[in-house]
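In the two complexes that follow, chain A is the common piece, with chain B as its partner first and chain C second.
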Partner chain A sequence: MIRIEDLSVAFEDTEAVKHVSLELIDGEVLGVVGESGSGKSVTALTLMGLVADSAQITSGRVLFDDVVLREAGKPCDKALYRKYQGARMSMVFQEPMTSLNPTQRVGKQVEEMLRLHTDLRGEEMKRKVLEAFRSVGLREVEKVYSCYPHQLSGGMRQRVMIAMAVILHPRLIVADEPTTALDVTIQNQIIGLLREINQKQNNAMLFITHDLNLARRLCNRIAVMKDGEVVELGETEDIFQNPGEAYTKRLIEAVPSRMKRRRNIAAVRGMGEPAGSGLAGKLPTGRESEAEAGAGQERCAELERCTGQERCAELERCTGQERCAELERCTGQDGRNPILQVRNLSVYYRDGNNSLFSRREKQCVVSGADFELYSGESLGLVGESGCGKTSLSKAILGINKEVEGEITHTTLRPQMIFQDPYSSLNPSKTIGWLLMEPLRARAALDKAYAMTREDMEAAAYDMLHKVGMEDKYFHRKPSQLSGGQRQRVSIGQALITRPGMIVADEPVSALDVTIQAQIMELMQKLQQEMHLSYLFISHDINVVYQMCDRIMVMKEGRIIECGETEAIFHNPREKYTKLLLGNS
Partner chain B sequence: MKKSGTGKWNKYLTAGLLMTGLALLLGIVGIFWTPYSTTAMSAAEKFDAPSLLHIFGTDNFGRDIFSRVMEGMGTTVVISTLVVLFSGSAGILLGALTGYFGGVLDEIVMRVTDAVNGFPSILLTLVIISILSSGRQNVILSLGIVFVPSYVRIVRSEFIRLRDADYIRRARLMGVGRMRILFVHILPNIFSVFWVSVMIGFNNAILAESGMSYLGIGVQPPDASLGKMLSDAQGYLRTAPWYALAPGLSIVWVVLGFALFSEGIRRRNERVS
Partner chain C sequence: MKYFMKKLITLIMTLFLVSVAAFLAFQIIPGDVVTSILGTEATPEREEQLREELGLNKPPVERYLNWVTDVLQGDLGESYRFSRNMNEMMPVAELIGDKLPVTLWLAAVSLALIIVIAIPLGVLWARSSSHFLDAVLGVVTQASMAVPSFFLGILVTYLFGILLKFFAPGSYVSYQEDFAGFLKYLLFPALSIAIPKIAMTARFLRNSMLTEMQADYVRTAYSKGCTRQRVMYGHVLRNAMMPVVTFLGMIIAEIVAGSIVIEQVFGLPGIGRLLISSISTRDFPVVEILILYITFVVIFVYFLVDILYRVIDPRISEK
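Coming up: the complex of A and B.
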């Protein structure tokens, strides 16, 4: 039995873990769930004796059976830990690429465990490693044995890591976000594997994750951590059914899930119109288009109601170019006009380095994409990493020029929201500068959009409010903001020129669940207010379910399925879609 | 400035600031005023040991060494600053263009800088000086050319690193002009790296300038120069050791001060980020 008693860990003057007590019995899987900065990883690392030397144990102790591994006030006994690490307790890390040594064959790296902790040598050792590889579901084990990490896929690397962790049948396995870096289908396999190992070897497992759904599928008990404290601890289903703490409740609610009802987006959108028109007049630019869009929407509804002759009469009545444009917008599918049309699009990727003499190979990453995005709609694009989602979006935005086929969009400059809020804002500028830059750039391109400095500042402040931030952030730099705040600024920067169409590339994947929910809400709110169309790219099918009206599923560069969200979720046609749905 | 954000005292920065500050002060004052004339000779005061009257002593012509060190320091500082300015701005321009755009221009510029790097720098300056003849401007020009490649490399690699950053992609999507992306969006982000290399470059320039004067291809007499003073003092090492010590220690002082200063800056940046 492994016990953590009243453990507190501090770094300099900040306490990362506060009075945490946990118990693990053999054969049990204990999930530790919390958002980043909640202290879950520090707890695990302290348990494993891997925490940085600068960390101080200010109270409590760590017990393995009845042996005290770590105690408050005493330095880490590395010699004692070495006897336990690997042999009796082992760890699976999040990032399989960096936790394997890139210069050594993976077989040798796993053998290292045996060399250190057993008397096995030579052939015997290799046999044992191959056996471990087979038990974690690797095929062609001989070949894997002599591979370098970079020759293996992410899933295979994680399997190797797990093989390394379980080869000595340790009593305790600590898995720190072992599936976060993996695709959904692979994620599911790894979870299955961990469960299987747990049942077969009857070892205790500490499973650390930020994903409540995952914890639910694997763990017997769950500990919810917040700000270094365990706020709730109990049987998994108990916690899900009757969360005792408000924080747990919020956490569960924030998780995007198909179990929850989706908002009726069409209805909400209709109601959103007055808000959109109300905004007009505040800003010197974009006013006309916004008002037009609002009027257009109303007119559309009107037109839909009309049928046959009536519609003709309505058409006849219209005069002038403006009206015609409006009508054009209103006819077409569902009474909405496509803001983006993609016809038989293939995207290529030029291989090879940026050298003068090397010939570059052309590789097809997306083939035959064919779809349209209607005004005011959210179109989800789902697929695993490497399926061509990002290449497709880049082609649409005009970043990738190696394309064949047709892309037509009616917006001037579609903008993009990036995944990583830490790299998508220029660190040397202030938030205000960043928000005004799109306006400056537009003015430089087209004199008709020239604005005075005061107008630009007003527009930037207005956008800051729209994305739910206060005035005081105007003069701050990105480094002074949290991830969620940065993503808000990022959204504001994309929207300030009122582009109409936004490509959002995994905009919430790098965020904690509660922040994720806030950002999704913000995006939906802005969509109504500003009549935006989103092309929403994500690997998380639940997020897409909550955000999107229609969904496209992509696999190996092809769009294999496309349809209304509900239809796809309830009656997926393709086997692959079913697989994606079943896995989350 | 001396106290960093975390409240820890940055000793490197303080020491560096004090040392370079003193050296720069002496040098700049030395350009306009010195306690004694730097050229007035006095047979009576030949090889006076350091005293309150002549704190660094006098040389073989009875000239006040302190005054000459001041003037030499001024010359050195001015030349080094101009060299760094010249090579640094050329480095930024070439590095930005080659790093961001790549392609044929990149190949050509990089091969040329490789070629320049292939020669020992002192040999190269010798060649340039022998073509242009010696003199202040030509010293600056030749050292400037020799130092350009190191800046090009640093700036280029930073631009390559940042040209595909998300925020630069986004700037491109907004339709920001190329030159604005280069010099408004990217450039400020490389300053922390560039600044350190400028500091090191400044030190190298001081050493190179002194080396050239020592070899007699730098500034010409009667202008005082630390390197020239060193080479003059060689013959009197036994009889008047202070003659060599004064300019030698001055060079060490300013170079060490700058090294500490740049280390202090680096640590401060690290702590901030």
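Coming up: the complex of A and C.
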């Protein structure tokens, strides 16, 4: 049995973990759920003896059976820990690319486990590694053995990581967001694999995630963490059905899910609240949470029941009339007015070798794309990474010029909202400067758009309010903002030139669930206010479901299915679409 | 194979462009080789005659083409300045062939010193958790990087030559005469070249290793139960060498091209000194060949670095 008793961990003056007590018995999967900064990773790293030396244990202890591994006030006994690390407790990390040594063959890296903890040598070690590779579902194990990490796909790398973690049959496996960096279909396989290993080896597993849906599928018990404390701990289904804490409730509700359709969010949202001012009242309550809570194992059946009738009717009521009318009002036309038309578009990618003599090879990444985006609608584009989503959006924006086919849009220069709000804003500029930059750029291209400094500032302040932020942020820099606030600034940047069309490339996937919900609300609010059309790219089918009127499914550079959101969700035509839907 | 062909073509084109540039530069810079040989007192007839002899009265394009054809046939031309005896001028090939080994050996000894001292020092520095060692190495490397090379040369001469009497300053023996003695003498100029580079390389390696220690795979290695030592040597060192190799490549290119100041201070008859004197006397054939040599060396060293990269990092060869 592994016990964490009253553990507190502090970095300098800030306490990252406060009086956490957790217990794991063999064969049990305990989920630790919380947003980033909630202390879940620090807890796991302390348990594993991997927390930075600067961290201080201010109270409590870590017990493995009856051995005290770590105690308050005492320094980490690394020699003792080394006997446990790998052999009796092992860890699977989030990022399979960077978590493996890039310059060492993966076989050797797994072998190191055996070299450190067993007497096996040479061929015996290799045989054991190959066996472990097979047991985690890798094929052509000989070949994988001598590959470097970059030669493997993300899913394969994670399998290698898992093989490394389980090769010595440890009593405890700590999995820190093991699927977050992976595509949905791969995610599902990895979860299945972890469950299988857990059943076969009967090890205790600490599963850390921010994704409640994921935790629900794998864990026996769940601990919800917030600001370094465990706020709720209990059996998985108990937590989902009767969340005791308001925070847990909010977490459950914020998870994008097919139980909630976008119009409902639109109905309850509290407009214009500044970022970070609390969530209460902004999120869907009442019926949605009931539906969510009632969604037990027979979710699918219920889904059909719930959405098939009630929802459709509601949708019709909501969108069919009101919205068309609104559209008509706005455009003065019939409402089915394509703002963007893409005809038989193929996008190419030139192999990046910039040498003087190498012949550049053209690779087709998108072929024969054919669709239109109507004024005022949200069109979702889903697919796995590498399917050509981003290449397509770049072609539409005119960033990628290697295209064949036709792109016509009736709007001004379309703008983009990027995925990572941490790296997509210039860290040395103020928010005000960043917001005015698109105006300056436009003026530089076309003198007709030249504006005075006062006008630009006024526009920037106005935009700041529109995205729900206060005046004081005008003079701040991106590093002083939270992720959600940064993404609000990104949205502001995209909207300040008043384009009719926005390409949003995974705008919420780098954010925590509750922030995700806020940003999606904001985007929907702005869509109505400013009459925007979104091309919304995501790998998260649930997010797309919540945001979009129509969905396009992309696979290997082709659009394989396109239709109304409800239609796609309830009657997917393609096998691949079914696979995508089934996995989330 | 395709890769080698590409590199070879790049090399040839670069050499061609550099030779044209060097040729043009000599057309533009003021000064006349004839005046510099004969002095200002010579009669116009004698000047004209010498111009004829050296082929300087032909148009530049023709001169360039003649020169290139000769070089391609292995004839590097003759020096304007140095004579073998009363009647013959010194061929450039002979002139450089005499001095090149000195520079190359100097470079080789310096490089060996750099690698043998800097890499263990850098690793040790990165490993040390002692603040004292950290501070001492910080100050020492800072100081040795800041000292100008001529002064370092003087210091080395004074310390090893005059105080410790490890070698006799000014007692250079040529490699044809006494190879062991030649190498022994070279050790000290090589040390003067190497000291600042050792400081830079060690510092660089240390920083690179400390950055690399933050990487995710290091945490993975610890989670397996690796000791700090094992993590450092088994995982971090190879990854941390990547930027260091680039840096070493720059250093090699620099010292193989001739360390002018150090050759001067220690009285070594190397390429660096030849280059300086040839430029000041407008000895065009010598300068042109030296420039081509340096260009070649720099490109060749980068080519080697490129290959070394591929050996160290498997990710590169596949792109």
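Just so we're on the same page, the second predicted complex is superposed on the first by the 509 of 584 C-alpha atoms of A that agree within 3 Å, B and C clash if a C-alpha of one lies under 4 Å from a C-alpha of the other, contacts with A are read in each partner's own complex, and residues count from 1 in each chain.
Keep in mind that, in the parts below, a contact is a pair of C-beta atoms (placed from the backbone, for glycine too) under 8 Å apart; a residue touches a chain by one contact, two chains touch by 3 or more.
Quantities reported herein were computed from a predicted structural model and do not represent experimental measurements.
With both complexes brought onto chain A, simultaneous placement of chain B and chain C is permitted, the two fitting side by side without a clash. Once the two complexes are overlaid on the shared chain, A:73 sits clear of chain B and of chain C alike. When the two structures are aligned on the shared chain, A:418 is found in touch with chain B, with no touch to chain C. In the overlay built on the shared chain, the residue A:122 is in contact with neither chain B nor chain C. When the two structures are aligned on the shared chain, A:85 is found in touch with chain C, with no touch to chain B. Contact with chain B, but none with chain C, is seen for A:399 once the two complexes are overlaid on the shared chain. When the two complexes are overlaid on their common chain A, residue A:442 makes contact with chain B while staying clear of chain C. Set against each other, chain B and chain C differ in how many residues of chain A they touch, and the higher count belongs to C.
Closest approach of chain B to chain C, taken over C-alpha atoms in the A-based superposition, is 6 Å. On chain A, the surface patch touched by chain B in one complex and by chain C in the other comprises residues 355-356. If you check the complex, the residues on chain A that touch chain C are 48, 50, 81-87, 90-91, 93, 95, 98-104, 112-113, 116-117, 148, 150-151, 161, 164, 352-353, 355-358. For chain C in complex with chain A, the residues that touch the partner chain are 6, 9-10, 215-217, 219-227, 234-235, 238-239, 312-315, 318-319.
Listed in rising order, the residues of chain B touching chain A in the complex are 102-104, 106-107, 165-177, 180, 185, 188-189, 191, 273. Within the complex formed with chain B, the chain A residues making contact are 354-356, 397, 399, 413-416, 418, 420, 423-429, 437-438, 441-442, 444-445, 479, 493-494, 497.
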